[in-house]
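I have a structure here, written as structure tokens, and I will follow up with some questions on it.
Which chain is which? They are A, B and C, in the order written, and residues in each are numbered from 1.
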Amino acid sequence: MIAILTDFGVSGPYLGQMRAVLYGRAPGIDIVDLFPDLPVCNVRAAAYLLPAYTQYLPADTVCLCVVDPGVGTDRRALALRIDGRWFVGPDNGLFSLLVRRGRDVLVNEIHWRPDTLSDSFHGRDLFAPIAAGLAMGKVDGLDAIDPGQLLVSDWPDELAEVIYLDRYGNAITGLTADALPDTAILDIAGHRCHYCRTFAEAGHGTLFWYRNSNGLVEIAMNQADASACAGLRVGEPITFVPG
Amino acid sequence: MIAILTDFGVSGPYLGQMRAVLYGRAPGIDIVDLFPDLPVCNVRAAAYLLPAYTQYLPADTVCLCVVDPGVGTDRRALALRIDGRWFVGPDNGLFSLLVRRGRDVLVNEIHWRPDTLSDSFHGRDLFAPIAAGLAMGKVDGLDAIDPGQLLVSDWPDELAEVIYLDRYGNAITGLTADALPDTAILDIAGHRCHYCRTFAEAGHGTLFWYRNSNGLVEIAMNQADASACAGLRVGEPITFVPG
Amino acid sequence: MIAILTDFGVSGPYLGQMRAVLYGRAPGIDIVDLFPDLPVCNVRAAAYLLPAYTQYLPADTVCLCVVDPGVGTDRRALALRIDGRWFVGPDNGLFSLLVRRGRDVLVNEIHWRPDTLSDSFHGRDLFAPIAAGLAMGKVDGLDAIDPGQLLVSDWPDELAEVIYLDRYGNAITGLTADALPDTAILDIAGHRCHYCRTFAEAGHGTLFWYRNSNGLVEIAMNQADASACAGLRVGEPITFVPG
């Protein structure tokens, strides 16, 4: 399976052109738009979403990860093998948290380049062919490099801010849910949020936090749009209220 | 074929994760996002859209239907066999109109639960595995129950209100088109709408109603956004103007 | 491969119903939503996008092209063979630029009609079955007509205006990139745009033009939303600033 995680969005001509390349080079392989609208050009938010949203994929899934504001510059192209799955994309910090949290990590630089390489769409021209090749079992042309050579980031282990707003207005954060006790109280945009297990448990019109189905802390409102009601946006900071 | 009808929307990580489960458990089965952005948490609107938008699907199609604001509570999980197709989803009224209008209806409760069941994403953890199983011909583990045991709703046979706004600004209603004569005049948001057969027949800037390609009454404007022009929203009531 | 180019958008019940028909009639064929949200009812913009965004597709790809504001009228249905690919859709000018620029062009009228043909969704009822047939190698039922019989348009070879705004706020134009020297200066909405090869080359907050990955001139801003910042919309005119 090839899973696509990108900030291209579902509209426009980008996802389709990338898929056309994948179908041509990896016939018969299933392709999933796993997270097609990561926050635009926001490598940091994507870095925290990647581990959470790829953790349940089958072994050997190839994750094609394209958030690439530096496209066309000389930043490296990478193929990483982490805990039994492949990750392909640019060396811009996107894989920082995956590498940091992975148990079994192998980092490779991709030196291969296609005959025709556009300056602005390496997702289609470079990363998709590599991902298709890996899905078909072709792993030659990769040069192992030391993980320490990756673009280093000093991003924290836990990111206390909003990293994605979904269609329901729920705000996904960069906080690992298991690290928080039920008694934790969060403050976001001046609102205090207590823990609820399910949406139905929460009163109408009250912001609450819960452990989402991918192990991240999420801020929500039962049958209402939390982000609109509280004016939340990607990057909104979260603080812990002393108990 | 598995057809997905949900309020998840096309963006975000929900449709993709559900598809990843389907691909893993029902290899080779075609999957269609038939109606991926049903109105958010609006079980009633979805209940009227389901019969109209699944009626042309091939026999034995499995319709995976997830509008589930009560996810994580003890509401039943259902697998219904209606007129030769399967429908899988929560017992919250979503299937009311399908059951009422179906000629050959068999209602089953699903008692199976996965080893790991999140509190907020039964579409991925519970309904998708069931749908995949049905698509592969596995119908064991279902307990037939009386349709009278379903969550009863007193929703009318014909719903005289807007249940979906599409990209063009057309407003789909819960009214069956065949029930209305060409002479019917509708009032919506203070505008009178006469019948036109095609868009091209209607004058510019005039709201009209027509029989849409799925058998529902739809309010539209030729080459203009009816919903924006007339300020329509989901839930907007429609009245019949005496002839 | 079947590539879909349409103004249906990715939401709603249109793309899914069309795909359900394709899966049923062309089992095993790959389907790609190549450009699913062409500007609404804007046949002219689509006419310039089609050649650019289909040029890299494999030989024998069937392009299902539906921007069809005249649906239900007696406009012709077409199947064109252009430079080794098929194009299916309405005769409303949509294929003007493809025909004009094609080296090897064969135009066919489709006389076949399905038993049940809705008045508003020929994408599903007429064009999808034809596209599926062509993908399966069925080319009977087509009548060659003279390209001169097509709905003629006097649209220019180069369209100096915005024809699509993407998710990043980049503005795709109807100008062929190869026709413009690096020294060209464009004026759009009162802003002067110089050429940059990559996004990273451009200063923050400065509009620039570049050759996009499909050979069209595109107006953008590095890590900012050019369209929002400069108030661009589809149809925005572009002028050339004397050097």
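Observations on the model:
Just so it is clear, a contact is a pair of C-beta atoms (placed from the backbone, for glycine too) under 8 Å apart; a residue touches a chain by one contact, two chains touch by 3 or more.
This structure is a prediction, so every number in the text was calculated from the model and none was measured.
Rotating subunit A by 120 degrees superposes its CA atoms on those of subunit B, with the angle stated to the nearest 5.
Judged by shared residue numbers over all numbers used at their interface, subunit A and subunit C contact each other through mostly different positions, with under half in common. Subunit A and subunit C have centres, each the mean of its CA atoms, that are 30 Å apart.
Contacts with at least two other chains are made by residues 9-10, 37 of subunit B.
Residues 7-17, 19-20, 23-24, 27, 37, 40-41, 69-73, 118-121, 124-125 of subunit A are the ones that touch subunit C when the two sit in their complex. Subunit B contributes residues 1, 3-4, 9-10, 30, 32-37, 49, 53, 56-58, 164, 166-168, 197-200, 210-214, 222-223 to its touches with subunit C in the complex.
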